[in-house]
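Both complexes below contain chain A, partnered by chain B and then by chain C.
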Partner chain A sequence: MPRILESIGCPFCGCSCDDIRVTVSDDGNTILEVENACSIGSEIFLNASRTNRITRPRLRQPDGTMREITYEEAIDITARAIIRAKKPLMFGFGSTTSESQAAAARVMELGGGVLDNCASICHGPSLMAVFDNGYPTCTLGEVKNRADVIVYWGANPIHAHPRHMSRYAIYPLGFFTENGHLRRTVIVIDPRKTDTANIADYHLQIKPGRDYELFNAFRMAVQGFEDEIFETVSGIPRQMILEVSTILKQAKFGVIFFGMGLTHTDGRNHNVDIAISLVRDLNSSSKWSIMAMRGHYNVAGPNIVWSWTFGFPYCLDLTRKTHAHMNPGETSSVDLAMRDEVDLFINIGTDAAAHFPIEAVRHLKKNFWICIDPHVSMAAEIADLHIPVGIAGVEVPGIVYRMDNVPIQFRSVISPPDGVLSDEEVLLRIADRLEERTGSRYGIPDSEKAGQNTNGYRSATG
Partner chain B sequence: METVTMTLVQQPELYLECYSVTPDLFAGKSLAEIAELPAHEGKILWKLGDFFKFEGKSGATAAETKIVVNGNVKRMKRFGQQMTGGEIVINSDADMYVGGWMRGGKITVKGNADSFLGIAMEGGEILIEGDAQNHVGSAYRGDWRGMSGGLIRVKGKAGNDIGTAMTGGTIIIEGNAFIHVLTHAEGGTVIIKGDVEGRVGGQMVKGDAYIFGNLLYPLPGFKKIGTVEKEVDGTTYTFDQYIGDLGERKTKKKGEIIYGNIYMKI
Partner chain C sequence: MKQELSLTMITHRSIEEGIALEKGKNSREYYDACTVIEMSELDMFRLGIEENTPVRVFSSSGEVIVRAITGIQSLPPGVCHIRQGVWANQIVPAITQSAGAPQYSGFEVTVTPAPGERILHARELVLRSVGMWTGEDDATDP
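On to the complex of A and B.
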């Protein structure tokens, strides 16, 4: 008899839906059916039981082919490469469990390198804005039960977070919002006429990259300087700004959801910063919150885990051992890559080769490239060492942080292929090996200097 | 004033953190002691003597010590960090954090400087003969106190985030600048002699921006109140005066509301 598993968490987007029903075959090895999930989430589950999985680490040979090696060898090669590198970089963690993020913190504290997560190329500017201006936020449950005005600014949830609107923001019937979408006002601010814009009550088709000016105009309207606003701001007529600002001021409970439209255009953290200022202004007359549309199901996890471990959420430079240093622009992965500031790259729980600018990938590829990933992603395809692991959220259980920073315990539905380790196990064994090799629980002693101008990482493979 | 000349003999493989290159740490030390000062390249702890050879003599105090850096130090960060006096002359490009958290003295860079030039600077003077990148005289991440005193002069152009969260001091950019000038500022003066793309004075509570060239995208939060004559950098010009940011919170002094000012040269 196939088993039906209820309330399973979905390892795709920042919605981290935990109401998925999964039907598993009698032997517990194959996923037969997935219900409630969006099409992308379903594919992640269904893909896991398909054949052609890589089940053992592979090492690039001098002739360019990949040779299968044992986990023991792979862990030793990684530990030696970290010791020899002057500034290793470990990047990723959007799609893995918080347990492995904590294990990675131990590896890099011992190894003295840079620890960065996908926020670096996505919502990192939002975190910087939160440093500068605070974060008046709420949980998605409050949105569902209370919100009557929803603003999507620079976000397209229909495609990026397929169940965001149906499960949390617009369509659900909540405690105080029993009429669902009939009583909710939806405002979309986007330069393109996206599918999300098509269902909105108001679509402000802003000029690309002019978000800061429009926020500034909204703040003027909220603070009573309506007459001073220009006739047109960022391509939006003054009359429309005043009409929408009236809706914002009269909301019972409003939420601004913002996406890459703010963090990937000029100004970056300042766009989010002024959005937070607008929310603060609106809170003098009504109740407003703001939330980042985090991309992956656990991309918020590293920010939480490393904040409690080191005091900073991402871009952590741990090379000094005495303290953590964080300054995006200097310690962020793409900047480190473009400036040739690192000499070892470890990709885990993401695909840096697919998501970094191609120039940054070229720079990083000058060094030894390790990829820890269940699939043959682009990063695994070009890797010098590929360590396969179980699929977090499908084969490996663990804690994930949803986009509103609520922790959720994900269960596994099937077991990983025989002998395949989880991210956490691989990282903990690398950390143990670092301790053994350096004879120190506190990282590599300064006396153990790498030779000057030696390409230590290359010999690590031999 | 005594002079120590340091000449690059070995390029670092990655980037070198030259936080020890300040008149404060050089003062009162012999050349051998100076060569023993630490520098980090990633997690590797080196001595300055591994990369530079030293000549000359240091003064008894920071104020009596001048450091001349020769050779291409484009891959070296943090020259003059937290210095309180004396002088540094860098005869090439320099990397990030030149004069960061500086409290006194003077730094001259004959080439370009990278980002985070003079961040959270409290006093002293920095002169960049080439261009600067982003975050000139701004605050460290999460700090609400940027540059609070001193003078930064960039002869070339600069990028974004000039004087973010600035509370005092003066920044002069003689070329063009990109976006975000005096954002979140609570004081200080920024003079841009070239063009600016936009976002001057966003979320500004107090402070003065002087723009000599074009401002491509002015913010809606600023309102013109008149025309004034002002002396800027030694010469008197006529400016249109704008006040703002009207959308930001306001402070009061003697019952009067204080605004930030943007002066646009006519």
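On to the complex of A and C.
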């Protein structure tokens, strides 16, 4: 009899939906059906038992082909590469469990490298703004039960967070919002008329890269300087700004959800900074919250785990041994890559080869490139060493942090292929090997760090 | 009719890209989902091209060939969109404004028609970009 598993967590977007029903075959190896998940979430589950998986690590040979090796060898090669590298960079963690993020912290503390997560190219600027200006936020449960005005600014949840509106923000019937979407006002600010904009009550079709000015105009309206707003700001007529700002001021409970439209365009953290200031202004007459639309189901996890481990959420430079150092622009992955500052790259729980600007990939590929990933992603295609692992959230259980930083225990629904380890096991074994090889629990002494610079392949394996 | 057009590029997720991504980056679905540049009808008209015509897109960081379609999610004239992923990131500038995040959106591109040009598949494109392509594989579309 196939088994039906209830309340399963979905390992796709920051919604981290935990109401998925998964039907698994009698032998527990095949996922037959997925209910409640969005089309992307369903695909993740169904693909887990559909694809021809790589089940053993593979090492690139001098002739360019890949040869299968044991986990033991792969772990040893990785440990030796970390020891030899002057500044190894470990990047990713959008799609892993928090347990493996904690294990990675141990590896890079021992290895004296840079630890960075997908936030670096995603909501990192938001975190910088939060440092500068605070984070008046709430949980998604509060949104569901209280919010009557929802703003999506530079976010397109129909495409990127498909169940965000139905499960949390617009359509659900909550304790104080028993009429669901009928009593909620939806405002979308986006240069494109996205599918999300199509269902909004107000779509403000802003000029690309002009978010800061429009936030400023809203702040002026909220603070009583309506007369001084220009006739048109960022392509939006003054009359529309005043009409929408009245709705913002009269909200019982409003939430601004912001996405990559703010953090990937000109202004970066400053766009988020002024969004937070607008929320603060609105809180003088109403009740408002703000929340980042985190992209992956556990991309918030490393920020939480590393904050309690090192005091900083991402872009962690641990090369100084005595203390952690964080300075986006200096210790962020893309900037390090472009300045050729790293001499070993470890890609885990992401696909840097597909999602970094290709210039940065070219720079990183000058060095030994290790990919820890269940699938043959682009990062695995160009890797010198590919270590396959179980799929977190499907084959590997663990804690994940939803976009509102609420931790959720995800369970596994099937087992990984025979002999395939989890991210956490691989990382812990690398950490153990680092301790064994250096004879130290306090990191690699500088004298051991030869640096490999130009030919990572030879020095890492030789 | 113009032979080239300067537009402002936005690269973001779409649900088609998200579903295809999970099928695998070497899948036909990923190729079909991510090798499109969406633009306004007016800009298509200005370039004198029809739906699905291959175009060459240049930025300060590189170039890529994709096929042009009228925006599924509509765009104002002067703005274009390539779904995030392998093809978009061939032209995304690695400029971070000292904040770590590259300029995935809001950068200038030039679009020119390139009828008859081949749109490379993901693996070939990435391997070529990092100098690892040996041509041993079938170089046709996935």
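The rule we apply is simple: the second predicted complex is superposed on the first by the 451 of 462 C-alpha atoms of A that agree within 3 Å, B and C clash if a C-alpha of one lies under 4 Å from a C-alpha of the other, contacts with A are read in each partner's own complex, and residues count from 1 in each chain.
By our rule, contacts are C-beta pairs under 8 Å (C-beta built on N, C-alpha and C of every residue); 3 or more make two chains touch, one makes a residue touch a chain.
Computed from a prediction, not measured in an experiment: that's the story for all the values here.
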### Task
Answer with clash or fit: chain B and chain C placed together on chain A by superposition.
fit
### Message
Looking at A:263 after the superposition, I want to know if it touches chain B, chain C, both of them or none. Which is it: first, second, both, neither?
### Response
second
### Task
Based on the superposed arrangement, let me know which partner A:370 touches: chain B (first), chain C (second), both, or neither?
neither
### Query
Does chain A have more residues touched by chain B or by chain C?
C
### Task
Figure out whether A:193 sits in contact with chain B (first) or chain C (second), or with both, or with neither.
second
### Query
Which partner does A:128 reach: the first (chain B), the second (chain C), both, or neither?
both
### Task
Could you say whether A:216 touches chain B, chain C, both of them, or neither, answering first, second, both or neither?
first
### Query
If you stack the two complexes on chain A, which partner ends up touching A:37: first (chain B), second (chain C), both, or neither?
neither
### Message
For A:378, using the defined touch cut-off, is the partner it touches chain B, chain C, both, or neither? Pick first, second, both or neither.
### Response
second
### Message
So in the superposed three-chain picture, is A:329 touching just chain B, just chain C, both, or none of them (first/second/both/neither)?
### Response
both
### Message
Once chain A of both complexes is superposed, is A:357 in touch with chain B (first), chain C (second), both, or neither?
### Response
second
### Message
Please give the least Cα distance, whole angstrom, that chain B and chain C reach in the superposed model.
### Response
7
### Query
Intersection of chain A residues contacting chain B with those contacting chain C?
128, 266-267, 328-329
### Query
Considering the complex alone, what residue numbers of chain A touch chain B?
85-87, 112-113, 128, 131-132, 210, 212-213, 216-217, 219-220, 222-223, 225, 228-230, 233, 266-267, 270, 273-274, 277, 281, 319-321, 326-330, 339-343, 444, 446, 449-450, 452-453
### Task
Provide the residue numbers of chain B that touch chain A in the complex, in ascending order.
10, 13-15, 40-46, 50, 96, 115-116, 134-135, 140-142, 144, 160, 165, 178-180, 183-184, 198-199, 202-203, 217, 219-221, 223, 245-248
#### Entry: chain C partner contacts - residues on chain A that touch it in the complex
12, 39-40, 43-44, 47, 51, 64, 120-122, 124-125, 128, 156, 158-160, 162, 191-195, 197, 205, 208-209, 260-261, 263-269, 295, 315, 328-329, 332-335, 337-338, 351, 353-362, 365, 375-378, 381-382
### Summary
Listed in rising order, the residues of chain C that touch chain A in the complex are 8, 10, 12-15, 18-19, 21-26, 61-62, 71, 73-76, 79, 81, 84-86, 89-90, 92-94, 96-106, 122-123, 126-127, 129-132, 134
